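Naming follows writing order (A, B and C), and every chain is counted from residue 1.
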Amino acid sequence: MTILSLLPILIILIIVIIAAKSMKKTANNQVRSMSVKWVRRIFGAYISLLLICTLVVPFINGNGWDDLKKAPVKDLEKEGIALVNAAAAGKIDSIDRKFIEKKWDFDFREQKLTVGSKNNEFISTQIFVERKKTNDQKIEAVSYKTRSSVNDLDVTQLTNPIRLKLAANTLTINNPKKAVLEFNTFNHVFSVSQFTGEPTLFAHHSSFSKGQSILYLRIPKDLKLINKPDVNIQFVE
Amino acid sequence: MMSLTTVSLTATLKKQYSYKLRAYNQVFWNLVFLQLLAVLFSLNGVGMMGSSSESIEVTIHYYSADFVVFFTMIWGLIIAIIITTKAYRNDDFTFVTNRLSHNLSNLLFLLTACLIGGLTAMLSANVIKVITYFFDGQLIVDSTSLTSALGEFILGTFTTSLYIFLCCALGYIVGTLVQIHKVFVVLVPVLFFGGLFLLGVSGNETIVTNFFGFIFKESSILLFMIKVMVTSGLLFASAFLLSNRMEVKQ
Amino acid sequence: MSVIECHGLTKKYERNRALNNLSFKIEENKITGLIGRNGSGKTTLLKIIAGHLKETTGEIKVFSEKPFNNLTISANLIFIHDQMNLPTALNLQEILAAAAKFYENWDAKLAYRLFDYFSFNQSQYYQDLSKGMKSTFNIILGLSARCPLTLFDEPTTGMDAAVRHDFYRAVLKDYIAYPRSFIISSHHLNEIEDLLEEVLLIKEGKAHLHLPVEDFKEWAIGIQGKSSIVQEWTKDREIIHTKNIGTDQSYVVVRNQFSDQERQRARTAGLNLTSVTASDLSVYLTGKTEGGIDDVFNHG
């Protein structure tokens, strides 16, 4: 316990003093206090406000979350690992098609392909490359993404796909457009959470699980691939 | 000779109680003020969690009525102190009273105030929800699920009222001490904060933690109830005993 | 049954004694005037009777019970004084309604008639009243409560003369209609002497005199004449007050124990015998025996 941890107590003390001063005044015979009638009106109005809000809450509760499905973190981790393992082992077809986020097909007649990011930014998506058996002059790109969750709710649909652009011998990869998600969550007051075993007194618990995303490229057999250091490419045997 | 009126303690208590609900109703205006202030503070959230990567940025704002309950506890402390002050105390002695009925009717009034405080504090959570919904417009994920809402509401009202009551008991004994001698105005805060500070500085923080944890960390509702009841009962009883010989001073 | 009985009543504050071995007895249904200078212990006595203060030593019984911390006594007396605490949150009408609940014999009709007569407004607040209006409102409370014992401590503070006289009449009328005990402490003895049945005079925390008011008026006699003759006549008597008039004249107040014969002789000796009014007497009795404020200035 440091002196700093006394600060909340000090703040409370200051509030106490200010509040007590304002209340004490009314006890003093010199100062007019609010009439019984007005106190009743104000208190009545306050109670009405509380009751109206109580009636409104069931309608707004969980609003916007209705279309989000439950997604336990435990399942998500398994999915992510399974995806990477499958991709690395060349068994990407065994992955459920629901994880396919986006597909691209490019015609490509050149001998060399440079893979890089736009402004040399780091690409967090892992890239797997599989050489096809033939030189069909086509590049297939598939982006896979497992589910992401916030507090066990599936937010995958709120995230954006990776961006690809093929031009002049260069495949430019861009990170997805950043999805900015803001959530408000309502916790029990400490006098309830104390007895329900939830985190209490300004302690909070949240989970955020970011899904695994990979880009799977299928390239012609003899295409020469040059990768810039900002992308991480793993060849599939 | 007019015949003497005989009065019973309970009859007097009833009269004093209904009188106090009217004459002291100022405290409920203070309650509204403090709770609305606390609601305002709560709109800022009680905490935030952020998580960010190249592709996604998640921010979770936490809201709860913790502030409101805290402020209501402070309110309980203050009103208990205030009704022990001369201005309120002497009001009683203008009419029919003795020291026991004076104290008991104060206790009844404080109990009522605690219930009202607990109830409104719990309901104020809904005000925070509604305001954050309409003015913030963001998604709300509510860990206070609706299915068990009523049970939790009753539990919360009960425990919050107990917390406030404990503060009332503290305030009442402090107020009574101050009425006995003005030196306690200085002595009580000095002893309390000085004690906390010294224990903190000397590294005996476990004592402080245990001191607060005794109530705040009790997870059994029954034990919590017993602890609060016994503690505040002792505090009130000491205040009653201390003030039973107290004279009325102008 | 006597209303108040006290023996050897003493109240100490820190060091000084506000009441010092006070003993007296007040019978029921009397209007008693409590007379004394500031600081003589009047208010302390009334507070002890009302159960606000606890006696240091001695014994006090109100309606045969100790008044301190006594609910029955509290219900049967009302203590009106100029520092009354009334709830600031309630308006006058609400205060009357609250008082009505506490006092079983409360006379609401009387309360509202007095309320209107003195032109109070129901929605006024006590703390907004002037000093005189506060006193008037206190008196409405005191009379309407119709308690077996009513204590008025300086009830007319700040009132103008007309209202004071209204008050005295109100007390008298209500007393006749509902006989009960009143104790009134006041500076204006001349105004209330017609109202009083008894006078209890307190000096330095002790009961100095306790007499029916008629006896009180006869209790002393003023002698005026040549200083030498006056001195001779008052030599062995209980001197209450002396005052020099001019160079060789003096005025002396002594206990009235003269026989008719003696009075006759005194008059022939050139002395002027006058009765002493109750209020003058109370001033003399509660003051110092010799001299007065004049002596402070006549030291040269």
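Here is the rule we go by: contacts are C-beta pairs under 8 Å (C-beta built on N, C-alpha and C of every residue); 3 or more make two chains touch, one makes a residue touch a chain.
Keep in mind it's a predicted model, so treat the numbers as computed, not measured.
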Chain of greatest Cα-centre distance to subunit A: C
Contact-richer chain pair [A-B vs B-C]: A-B
Chain closest to the middle, measuring from C-alpha centroids that were averaged per chain: B
Subunit A-subunit C separation of Cα centroids, rounded to whole Å: 85
Euclidean distance of C-alpha centroids - subunit A vs subunit B, Å: 39
Length of the line joining the C-alpha centres of subunit B and subunit C, rounded to whole Å: 47
Multi-chain contact residues (two or more partners), subunit B: 22, 25-26, 87
Junction residues of subunit A - those touching two or more other chains: 26-29, 33-34, 36, 39
Per-residue multi-chain contacts in subunit C, two or more chains: 85, 88-90, 94
Subunit C partner contacts - residues on subunit B that touch it in the complex: 1-7, 9, 12, 15, 18-19, 22-26, 86-87, 90-91, 93-101, 244-245, 247-248, 250
Subunit B-touching residues of subunit A, taken from the complex the two chains share: 1-3, 5-6, 9, 12-13, 15-16, 19-20, 22-24, 26-29, 33-34, 36, 38-40, 42-43, 46-47, 49-51, 53-54, 56-58, 60-65, 121-124, 148, 150-151, 153, 155, 159-160, 162, 175-176, 178-192, 194-198, 201-202, 204, 206, 208, 210, 213
Complex interface listing, subunit A residues touching subunit C: 26-36, 39
Interface residues, subunit C side, partner subunit B - complex: 1, 28-29, 47, 51-54, 63, 69-72, 74-76, 83-90, 94, 98-99, 101-105, 146, 148, 178-180
Subunit A partner contacts - residues on subunit C that touch it in the complex: 85, 88-91, 94, 125, 127-128
